[in-house]
Structure formats: structure tokens, C-alpha cells
């Protein structure tokens, strides 16, 4: 007991805080130490909010065609001009034709300074689908002038705007797909792990079988069977279902493994021997111990779905125009000529890579933090 | 610094540890896992090292083999080992992956680990593992090494050694695996065998078989053994001399009789009294040591055992760390009160 | 061991049967059937089929039979005569179209896999043994990024870089003058010049993943007691690492060989479309886009068979390398 | 159902548990592990019954069967109710078992895995109270604090999580949980084996104090023979799923009747260096048999120095030898075996 007396009261309080911290607090404390994972979390929150408020964040509408503004390169926002500080602005563009190839080329006109304004009026839209408004996060005062942060495509559509709208589809496809897989995986994994026996064996066999089918050809085959004439919304749902049909085995394996491990834990038996009902054991003992692992596994499954959707749409088998998704946007970058002419068309691909990396980092961080009681 | 002033080792001495310290630098702070351990082993002698978990007994023997984890810091002390040609090397000065220490490991010092299940490679047959060691140290042919493996398996009393040589560890029972492990450690007839809790994972009857085997092998090969255990019964069974460790220090060393019948350190006494013995007159309560082993980040000041010691004297035991004191018959205890404790009533 | 292989093969057979059924099912998925599509094609060229004629054709092709009978017909033709049906789009027998391309695909995939392993294993071992060193971090970052970049993206970027900075079209497998030329020494050299791009593209993603797996496995294994035993035997660090933990850490690798090949096939499809390679990928894509279902179904069937066989092979390899499984 | 002697709390009769061995992809049953095979014994009210045996002997399975953690393959478990009647609990369903669970509890070996790390001590120790509706939230909290004090932990620890405690303390938390419902019977499965010597002694003393205070009956399972001698009144020795000998502690240690018991006792390493040469160890040939493939007849015969052809052919019965002793050996009458303590 003299050891206790020799430690400062501050330490004791610290210790007591650790000893009485809730499991999720401990997980959060551990997660916080992964700087990259925390940064990824912030990035993902920003991206998803950007997608949710795409119409507000982007200055234009995704289908606004500007015939005189095709293949405009990304414009950079400046703060200082030759005259000193100006606040955010872009230079005007001078449009001309290359005398040899007759291609349109753009040059910045340093004499024309066009200030970038925040909360400007632009094309009308319904905020969150409810409130009609014209307010946009940023834009130019003069509706004749265009602000193309990431350039434009062959039809003069603003790539930044399309990227934000595309994020809605691509990012949500990951979540929707994962929720489908999750339902399947959790259900079958839990049944398999909890009941065991013949049921477990048959589900195991089924999973083994599904894993022995090459994923992408199967996706492609199924996706190709989706009738072209269908409503884009149906196609979207169907594509995510197809993606999840194959992805669930991984989740089911995680869930089953946890269930099996937990079922044999002494504390679960202790609860049973105290007379706890099946329901109580599952809800009070097993599920709380699994949630953090499942969340980590889900996080790691999202990027697979995003990559799947992008790949299918890129190949023209998934979502098709007029739906805007990152995979659809990348279709424009399929041939060498257009990339050579307008390399910024690859930017949706960069966005995919960043989001996928962020999910991977986040998932890794979560997985490391998932068991705060590791011995 | 200690190395230069140490007296030369007497000729019968095989290995001597002087004031060995091993620390670990962890995120939570510096852990002094081993903090001034001194003991020695003479040729052909069995030293039993006893202590509870966290006493540093395993870390100490790993520093003999220079097998500490990479996070370990050598924090001083000397480990001197006599080679068969009579020369003495200071093991603690050898680089961890150097040629010299490698020529000692497995050849002059063999080691047996606690978990025979995981301590043998799962993807090599036991014969392959033994033969590789033999070839490494003797340059023998494959054929000779295989024969050596069969011979060793026979010597550790494995049934059907000619078949067992091609068997994989997971096909064997715990006791058989431990026999294979011992055969592996004895491949080159080392002069010192380090056994780290070799019987802890085994059942009593198997434990007895392994202890008998070790004893007969020791008579046959004439090697010395450092036998680590937490079981006083096992020590009493096999050791000539005993070192009792507590919190990274040696509390007491002496012959097995001295430790069991005339313990001088209150910790040794308390431990001996806290274990139930067969045929002991039925007592209702066991004697206990109050409190628990402190965690390695909060090692008590003064004598590390004082908070749990029934004889501790305030102002002395909680202030000054006691020095090792030598008594008649070479018994050494680290306690301020070692010669003034009341006689044991047995 | 023999018993194990027999049992394993016995299990592969129902899987193959089921896989083939799925492939057939996919062929049947789009609305309409072969005759509808054939009629549409004829209509395109100005001819017209009456409903009666269509019905007659259906009977002739057995399309009025229940789906299961049709399946038996289809699979029977494949198994007994190697007849995969006819491609409408190419107006040719499917089997004439695919074998050439499959050969090239197999070559590229195998090469990529060897390349992947040659990179991933040493780097994984290095990263694990020098944990938290500078290069460990470099490889870790490579691992993450490599896993995050989809193959087609990498292919696009490589093509763009090659075109803009080296003025060199890295697409295709042959330069224009060799594309249709018969095989010759020069043609092989020309192919090798082009081959590195798909190999790099396919190997990057795979290697990135495998480095991470290898590193994690190695770290796991190196903490195990048998490694300490090996050190205590007097082996040097190099001997210990390559003879013990690497041997064990490779097991999960071996178990993925079977999946690695089909996974490469899958990756190859998309990369090959981008890089315009004369492999199976673009043909399958085209078949799917045109709903040329016999061709597509055959591809799916063959790729699935490869996967099943690959899995079977890796299971056997694993049993061969790990006595715990062999005798388990 | 036969009547129980007045002082008997639990009577186990012909207990069997066979686990199927499944193989292949279709999980066909290719055999059975006879983990427990025809085990019968009584536990008297207020006594400590020790069950010893090597790993794989089935001793833990016996405890789990009595507590009905597993379903039995065969056998009866008679349990005396507080009103004096006895009840066969071997065939009760989970719902019918609930009132029984209040009377019998278990202490686990591993102090780490037996406590849910995501629950506070209040939730952990209070769980049985909540399940059986013992009082309001406030009352449960008071009771948990009382239990903590009882096992020597500070009552203000209620809101801590298990990771705050050392192995020995966790074991005490487990004891407090087992005591929560005032059971009459506790099965302690290797309850102190995982602990350090000095801590094990503290917990053994605690168990003995609690037994005295509440008149508890223990089934004490261990492989540590010195410990079992210290704590038990009577002992059962198991070998490969069968009980080979039952006897009062002193009698068993002084003069075993079964050759296996003799060998087991002689293998115990004694903390007495002078005794090592004085004592003769009974060498056991070979290894403990595999319960999936037990030898014919008496499972011990391949290792037994006294075995005859009869032992190979015929399974011996557990015979009553008088003075509360039972033994499962054909030759028990003719053998004169040596124990490890003076008679």
C-alpha cells in the first residue's frame, strides 16, 4: 500500500480515469494516436459533406454545356497580382486557335482580373432537395465569365461541378454496397458462427464456392445483363447489389470468426451459467465485443466497392451517362488522345485514389484500435 | 566498469554473472527488468533459479545467450563464460549477431524453452532441426548429422528414434516434443544447458519423466544446468544450488539445503511457507505474502521487497537498498536483516 | 498426401459444375435469346424472319427446351466436342476466337505473377526485419498507394506519361508493323518492348498487397518461440530468417497462388482494355457490351475454371509445404 | 431415481460426455472422444471434493457437465434443493435450469478471459443479480460493493473495468460474481493454477474463509496435488475420462489403491531436497492415452506395472472398498501400494 502513497494524487486520478474509461473511450484514445487515420477521417467527412451539398459547393450544374469553353485547363486561384494583394481572383482566358492543328487553345490574360466571390448567386437548385435557392459557395459575379477550377470536358462542362455531383453516386455506392454485404455477411456469418454444425458447414461451402469465382468477369457478366433501358436508379441499386453479392463473403468470414472466438470465451460461459438468456448473451456480451471489429472490417470493404463501381462504369458496364459518377467521368479519359489533350480528365481517378487510400488508412487505424484490451 | 576489477574466475567455475542489468525502454517508461543480478554456476552443477513472474529470471538467461529482444538495453554488468579450452570470454561484450556468440550458442551453451509446442519449427522435421545444428557447428556430412540426430533421439529415450527423426513436432505429444527439444539443445554436448521452465507446460507425470531424463543426461554428459522454474518442488528435485529472484534482483543464493532449511531472506521464507506441502500437518490457512508484485514501472525505493515484508524496519528497509551479504557456506542474501531474523519454526 | 489430393479434386468437381451453371445462367440473363439476337442482326442487314421462322429456329437450336436441358446441351457440347457455341458479333466459332488470346493472357499473367513475387517477398522480408527503418516506411507507403490505385488508372497514367514525355505509344502488345506479322525473332523483341507496361501495371497492385501481407506474416512469425530456438542453435540472422520464419510466412502466400492467377486475369481485363492488348479482356468486354452471350459465357466459364483449378493447385502446394496441413 | 444420503448435496451417476470427431468437408462423424465416460460420485454438503488428473483426463468436462454448460450424453445429476428434496437436473432445459443456476456457480481458470473486458465490476458482478431480479439498481450496487469487500477488494472499484486489475484480483472478482446469488455449490476449475505462488495462497485462503462463512460446497479441480491435498476433504482421481479412485484425502495420500494414483502421487515434486533420494518414484511408461482412441479394458493397462491379460480385456468397475473408498481396478485387493505421507 505504500506504493500507492508514493504516487502523486494527479497520477492516481489519471489512472482512475483509465480504469473507469468506457470501451469506446479507450478505442477512441487508441485511434487518436494514428495521425494518418485521423487525417483520413477528416478528409472523408469533408468529402461526404461535399457530396451531400454538391449543388451548393459547386458553382454550376453538372449538365450545363458551354460550347465556347471546351477543354479549358484548370484555372488557378491567385491572391496577389502585379498590383499586390487582391483577394482571391482568377485571370481571364483568351481563346484562340492553334494555326497548325486548328485546336482551341487557351491563354491566361493577366490584364483581366476576375475576383472570386463567396456566396454568390448562380443557377437555381433545391437545397437538400427541399429549399429552392440560387446561392452557391463560390463563383464569379459575372455570369458570362466561368470559373473552372479543374477545367472542363469536351462539352465545356465544369469538371469540378461534375466531380462533386459524381461523388454523390460513387461515394454512396460504396456505402450502399457495403450495407448490402453487411446484411448478408452479418446474417449468414452470425448464423454460421453461432449455430455451427451442418448449417455452418453449408454456409462455409457456399462462401468457398463464391470465392472461387473470378470477381471481375462475374461482375461484368452480371452488370452486362442489366438492360440498358432501365431507370438509372434501378441500375445503380442493381450494380451495388452485384458488387455486394461477391463482397459479403469477406465480412461473413470476419463475423463468423469473431462469433466463434467469442462463443468459446469463458466470460460468455460465465454469463450462461448465471442464467443469462440467449438474447442477453448476444446483445450484452457478444455484440459489444464485435462492433468495433465489424466497423473496421466495413471501413476496409468500402474502398473495394468504390473501386468496383468505378471499374464497371469506366468500362461502360455499370452506370451510364447521363448519370454522373467518377467511373462515368473517367470514360472520357479512356483514349490516349483525350488524355494527351486534356490530362485533367484523369482527375476523377485521382479522387478515387485519394478516397480509397483514406478509407484504407482509416480502416487500418480502426482495426488497430478495435481491441483496446489486447494483452 | 565492473569487468576490469573482477577477480579471475576459479578454475571450477563455468559461468559467472556479476551485477548484470537489462533495461527496456518502453513507451510507458524505462523498465528495469534485470537490475543487478549476480550468480554463478560451476562445471557439472545444477543451479535452480526460482522466482514469480516478472522477477527477470528469463531475461537474465537470455542475456547470457545474447538473445534479448531488440528493445533491451544492456545496462551493465559482466557475464563471463569458460570455454572448454579453459579460456574465458565475456559474453556481454560480444556483438549480438557476431560470429563468436554464434559459435557458442548451440555448441557450448544449449537452451530448452518452456513451450515445446511453439519452440520447435512447425515446418521442419525434428531430425532436420537437430541435423542442421550439428552440421553448422561440426561441418559434418548430411549422413553423419542424420545419424547424430537418431543417436540423440535415442539418448533422450524417444521410442523408435529411426522413425521419429522424420516426424514433425505437431505429430508429437507435449512430453515427446520436450524430449526432442532437449535432444536439439544437447546436439553438440554443450558444457552449459539453460532450461527455461522446461516442465511448466507439462503434466506431473511427464514432468517427473523429463526431470529424471535431465538428471540422467547430466550424469552422462557432465554438463552444468541453469534450471529456471517457479516451482519449489522442482528445484528441490533437481538443483544443487538455488538462486531466488524477486523484481529483477537475486534475493538470495545458496545450496539447495541452505535455501530450503535455512533461508536468510524474508522473501524466500515467505514463499516457502506459502506453498502447501504433502503430508504437512493440516493447517487451515496458508501463510501468505501481503499485497502483490509491484508493476515494473513503480519499483519501491529501498529494498524492493519492503512493502510486502513482515520484518521491514521503517527508516531502513524503505530507504536504503541492501547490499549482498555473504554468510557461512557461501550463502548470499540481499537483506538488511538477514542475520537477525527470528529462527524458523518448521 | 495422395488421399488429400483425391479428396480435394473430388470437391473441385461439384464446384466446377456449379460454376459452369452460373456462366450459363449469365448467358441467359439478358432478355431475348440467340434467335432474337440473330433476327435483330438479320434485320440490320435487311433480311426479315417471320415469327414462325423464328420458332422453327428455336426448335432447331433446342431453345424451346427447359433451361436445364439447354444447359446440358451447352455443357455437353463443350465437354464432348470442345464446341463453345458461335459468336454472333464475330460470326465465328467461339473456340476459334479465344484460344489465341487466352495464351497471351496466360503469358502476361504468369509473367506479372513472377514479377510480383520477385518484388514482394524480398521487400516484405526486408521491411519486417528492419521494422520502422527508413525503407520500411518507403515500402509501406508504396504498399498503401499501390493498393489504392486501380489498375486502369495506373495504365492510363503510364500511357499518358509515355505519350507526353517519351512520345511513345505504350498501348498494344506490338508495334504496327508487327501486329499481324508471323512470329519471328524481331516480333518477340518488339513484344518484349511493349510487354513491360502491362506487367508493371498488373504487378504493382499485386505486389503492394503482398508486401503488406508478407511483412505482417513475418512480424507475426518472428515473434514466435521457434525463431528464438533457431537463434539459440547458433544460426546467423540470415540463416534463421530465411530458413524459419520465411518458410512459414510463405504459406499464406502459397495459398493465394491459386487466387492470384485469376485475380490477375480479372485485373488484366480492365488494364488490357485501357492498354488495348490483344488478350481476353477487351474481347470479353466487347462481347458483354454487345451481349454476345455465348462468347461472354465461355470466357466466364474458362476464367472460372482457371480459378477453381488454381485454388486446387494452391491447396495442394500448401499441403506439400506445410506438414501441419498435410497430416492435419 | 434413488434417494440421496442426508448429507449429500450432489450425486453424479453414470455421467457420460462423448464429443463427436468430425472430418472432411462434409463434417462426417468418424468417431467419438469419450471425454467423460461413466463417472459417478457424491459430494457431501459443506465439503470440498477435489478432482485431480492430467490434462485430457476429463476433469474440467465433469465440472461443466454438472453445471450443465454442456448437454450430457448420458447419466444423472441429482441435486438437493433447499427444501430437502432432490432433483435430477441432467435433463432440464435451459429455461428450467434458471432457478438451479442460482444455487450453483463456477470459478474459472483464466482470470483474463473469464471477465468481459467491456463491463464494469458493477455490471459484471451485478449481472446474475439483474438476471434473477434481485432488487433495484441501488440495491444491486450495494450488494456488489458488499461482495467486493467480502473478497478483499475496495468497494469504490465498482465503476472500474477489469483491465485495471492484476490476475489475482481478477480471480477475486470472479469469486465475487460466483457468490452474488448466495449459491450452495461452487465448482472451481483450476482456480489458482494461473496465479503466482504468493497470490495463489491468498486466494486459497479466501476460498476457505468463504466456505466456512457461508457453508459452501466446493468441487475443486486441479492438477496440483499438493494444493488438492491442502484444500479437499475427499478426492477423485480421473484417468482418460474415467474416475479410477475416490477416497478421503488422507487415506488416498497415505495408501492409494489404484496403481495410477500411486504413480501420480509419486511424481509430485516435493519442496524438500532431502526427500528426493529417500522417495522412490514410480516410473510410468509411455504417455497418457488419447481419449479419442482409448486402450481396451482398463485404459491404464499399457502403462501399469501390475497389468494382466484381464486388464487388457475387461473394463474394471468402480468398486466400493469400504471406509468411503472406491477404486476401479481388477487387482485392488491384491496390491500393496505406497503413498506419499505417513498413514
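Order as written gives the chain letters A, B, C and D; numbering starts at 1 within each chain.
Please note the rule applied: a contact is a pair of C-beta atoms (placed from the backbone, for glycine too) under 8 Å apart; a residue touches a chain by one contact, two chains touch by 3 or more.
It should be emphasised that the depicted structure is a prediction, and the values quoted were computed from it without experimental measurement.
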*Listed by label, which chains are in contact with chain C and with chain D?*
A, B
*Between B-D and B-C, which chain pair is linked by more C-beta pairs in contact?*
B-D
*What is the distance in Å between the mean C-alpha positions of chain B and chain D?*
33
*List the centre-to-centre spacing of chain A and chain D in whole Å, with centres computed as mean CA coordinates.*
55
*Take the average of all CA coordinates in chain A, do the same for chain C, and state the distance between these two points in whole angstrom.*
27
_Two-or-more-chain contact residues of chain A, please, as numbers and ranges._
none
*Provide the list of chain C residues touching at least two other chains, using ranges where the numbers run on.*
none
*Note the residues in chain B that touch 2 or more other chains, in rising order.*
none
*What residues on chain D touch chain A, complex-wise?*
25-27, 64, 67, 69, 94, 97-98, 101-102, 104-106, 108-110, 112-120, 127-128, 131-132, 159-161, 163-164, 174, 177, 181
*Would you pull the chain C residues touching chain B in the complex into a rising list?*
224-226, 228-237, 243-244, 247-248, 251, 321-324, 327
_Touching residues of chain A toward chain C in the complex: what are they?_
208-209, 211-218, 220-225, 227, 303, 307, 310-311, 314-317, 330, 333-334, 336, 339-340, 343, 346, 349, 352-353, 356-357, 360-361
_Interfacial residue positions of chain A with respect to chain D in the complex_ = 15-16, 18-21, 23, 197-198, 201, 205, 265-267, 269-278, 280, 284-285, 288-289, 373, 375
*Which residues, counting only chain D, touch chain B once they are in their complex?*
54-55, 166, 168-169, 196-202, 204-205, 208, 223, 225-227, 229-231, 253, 263-276, 281, 283-284, 287-288, 340-342
